[in-house]
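Two complexes are shown next, each including subunit A; its partner changes from subunit B in the first to subunit C in the second.
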Partner chain A sequence: MKKRILVIEDNPMVVKSLEFKLNKDGYEVTVAPDGRVATEILKNNNFDLVITDLMLPFVTGSQLIELIKKETPETPIIVLSTATQEDIIMDAFTMGVDDFITKPFSPNELSLRVKRSLSK
Partner chain B sequence: MQLNILLVENNTEKDVVTQLLPKEWQITCCENSYDAIQKVKKENDFHLVILDENSSPLNAYQTFDYLNKEIKADVPVLVLGEEGESTIVEHYKDKLAFIKKPIGIDDLSIIIELLEKNHCEKEAVEKAYSLDYLNEISDSNQEFIMETLSIFTSSVSDKLEQLKEALINKDYQSVAEIAHNIKPSFEMLENKTSVEICNLLNNRAPEEDVPFLADNLIIEFAKMKAQLENDFPQLK
Partner chain C sequence: MEQIYENIYYNDWEWIVKLNILVSFVLILLSLILILFILYLRLFKNSRNLKKAEHYSRLSDFINNYLFDPDFDETETENFKNNFLKTNLQKKITTKEILIYNQNFKGEANDSIKKLFFSLDLDNIVFKDLKSLKWHRRTRGLYTVSSMGIKIQESLAVKLLNDKRSEVRLQALLYFIKLSQKYPLNFLYRLEEPLTIWQQVYLEDALKKYEEQVPDFSKWLTHKQQSVVIFCIKQIAVFNQYENIDQVMPFLESPEEELKRAAIRCMRKIGHEEAIDVLLTNFATESTEIKKEILKLITQIGDFNQLQTLSGLLTGNDEEMKIEYLKAEEHFLK
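Take a look at the complex of A and B:
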């Protein structure tokens, strides 16, 4: 059975690339373009991994991480970030995220980090 | 790039055009197509003439004809209007372009393309984008690349419209957020100038610099869009 990954990201080009690469790697991908949609999806679905941006419309990435850690603490989380967000990344780690990937991601690095997070 | 634009004032899009064009471009206004001809004749240093298709006493196409055939001014003409004379525009496509009103950010790429054809040969050769990253990520999957390019042109264009709106409202927080959002799109097509501008806008550049930076970002995007549409006509 395919592992299920939720991608929460509001840049459609990044979404398209993540979706393409993750599908190619054999994962089932669900996309949420903002924090509000992600919250709704998370209410009714379980995922093996969540990949989320931090600066999202309506509900921030940090709020989503808090929600996931409360509802399904075992779900690994990878944060998508830009190179200029060190302080925000550090905050995310203190909230318990498992890893981070810098946008735009390297395809091999993405595969590796996803595999590693799923095997934990 | 310092460019001199001659704008015929009786066109109803004057304010929109003036707002759309980068601030560093010199815009000279004149009252009608007759004045435009006189100005070009006298000064002959305009890079582009913009006028409405129904300008008077000569309409836009007659003015274009007069400028290029009678006084051999060798200046490109941008026509704004409702219908457009597609046969004429196609025939003189290196010198003449048409934009359907109302003019918007998306149309800036048409202006840049026309200017590059006529005045900026060097810049036209320099690629404003690269597909290396998209090729790497997809193993050169053409369907993926075309879909992603299409997403790029439409999504960034929408965001730049929002950025212009935010600038008008002096909402610098939104400007920063929009720049943050679109930065990865420019990174994926490896346009370093745009990435640097997004970084500056996202990291709270001084407020007085923001309009200049935003203008340059819009111009850079227009260059990319013009080149992409030239290289991949299906994106139009």
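Take a look at the complex of A and C:
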């Protein structure tokens, strides 16, 4: 059975590329363009991995991470963000994210990190 | 008499009716033309949006296949170029989208996207933009070459650096900073136009992101453009180039107020106390603005004795300076 990944990202180009790449890698990908849609999807679905941006419309990435960690703490989370400040990265890890990738990013590297997070 | 009046009235009335009919007709015609024009614009815009959406979708699939599909065939690039890069709109959208991919991806994907840009001959379009008579196309062209890291002819770059439009000049400055690997500010030697405040802000920001060693700003302290000299004095302070203080010192006695102000602020930021003695010598003849700058300088890096040499300000007529002096005094007596 295919592993399910939720991608929460508001940049259409990044979304399309991630969806394409992760589908090619053999995953089932669901996309949420903002935090509110992501919250709705998370209420009714379980995912093997969540990839999220931090700066999202309506509900922020940090709020989503808190929600996921409260509801399904075992779900690994990868943050994909333009933020490079050390305090933001540290905060994300403190909240329990598994990995932090900064944009611009290498899709091949992301693919490997997804694989690693799913195999834990 | 009455008959005459009636005739006149009747004739006038007839004339007015004719005019009324004519004006109404013209207005109706104009309204119809306007309605048709609005409808045409709407239809044109809808059709353009439809074409845009269609091209975006096709382009996105093509680029993702190109980047991530191991079975991607190189002939598909040629097919795409021949079939879907015919109109200016298609070329414009494709260039814009490739720039977005270029900004978001690094590593192998970024190299591939740059290769795709050339394979689709988009560089030719950019070169046409750079030589266009329209300033926004020249700006767009420069932005594209800077983002994609494409080097253009030196003579063309210098021409754009001294373009009559400040927007074009700004993009040209950023192009030089981004693409000059060792000497990011050497373009200043060839700059003939003044640097606007906005351009200075952009340049400073670009320099802060510059990964190599920041240049020695003292090289341009003799530039013929005063704005360049001011910019360099500011940068000496921003990047703490203590070794250049001696070259900034003469500006403390410059007859140009802007230069003098920049030099005082530079001394304040760097903390060069010797500047205070130089400035106190001519304090009485300085303008109010410069006097305020000197008081700020003393407050931040000087001592109470230096301030007291200016106590004459308290007995003068300038109320503004009295307040400034008292503020400075309060700082030392706290």
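Worth pointing out:
We adopt the following convention: the second predicted complex is superposed on the first by the 116 of 120 C-alpha atoms of A that agree within 3 Å, B and C clash if a C-alpha of one lies under 4 Å from a C-alpha of the other, contacts with A are read in each partner's own complex, and residues count from 1 in each chain.
In the analysis below, contacts are C-beta pairs under 8 Å (C-beta built on N, C-alpha and C of every residue); 3 or more make two chains touch, one makes a residue touch a chain.
Fair warning: this is a prediction, and the values are worked out from it, not measured in the lab.
With both structures placed on the common chain, the touch criterion links A:K21 to subunit B and to subunit C. Look at A:E109: by the touch rule set out above, it reaches subunit C but stays clear of subunit B.
Using the contact criterion defined above for the overlaid structures, shared-chain residue A:D10 touches subunit B, although it does not reach subunit C. Look at A:M55: by the touch rule set out above, it reaches subunit B but stays clear of subunit C. The residues of subunit A shared by its contacts with subunit B and with subunit C are 11, 13-14, 16-17, 20-21, 103-104, 107. Interface residues of subunit C, counted against subunit A in their complex, comprise 60, 63-65, 67-69, 97, 100-101, 103-110.
For subunit B in complex with subunit A, the touching residues are 133-134, 136-138, 141, 144, 147-148, 151-152, 155, 177, 180-185, 187-188, 199, 202-203. Across the interface of their complex, subunit B is touched by residues 10-14, 16-17, 20-21, 55, 82, 84, 103-104, 107 of subunit A. In the complex of the two chains, the subunit A residues touching subunit C come out as 11, 13-14, 16-17, 20-21, 24, 103-109.
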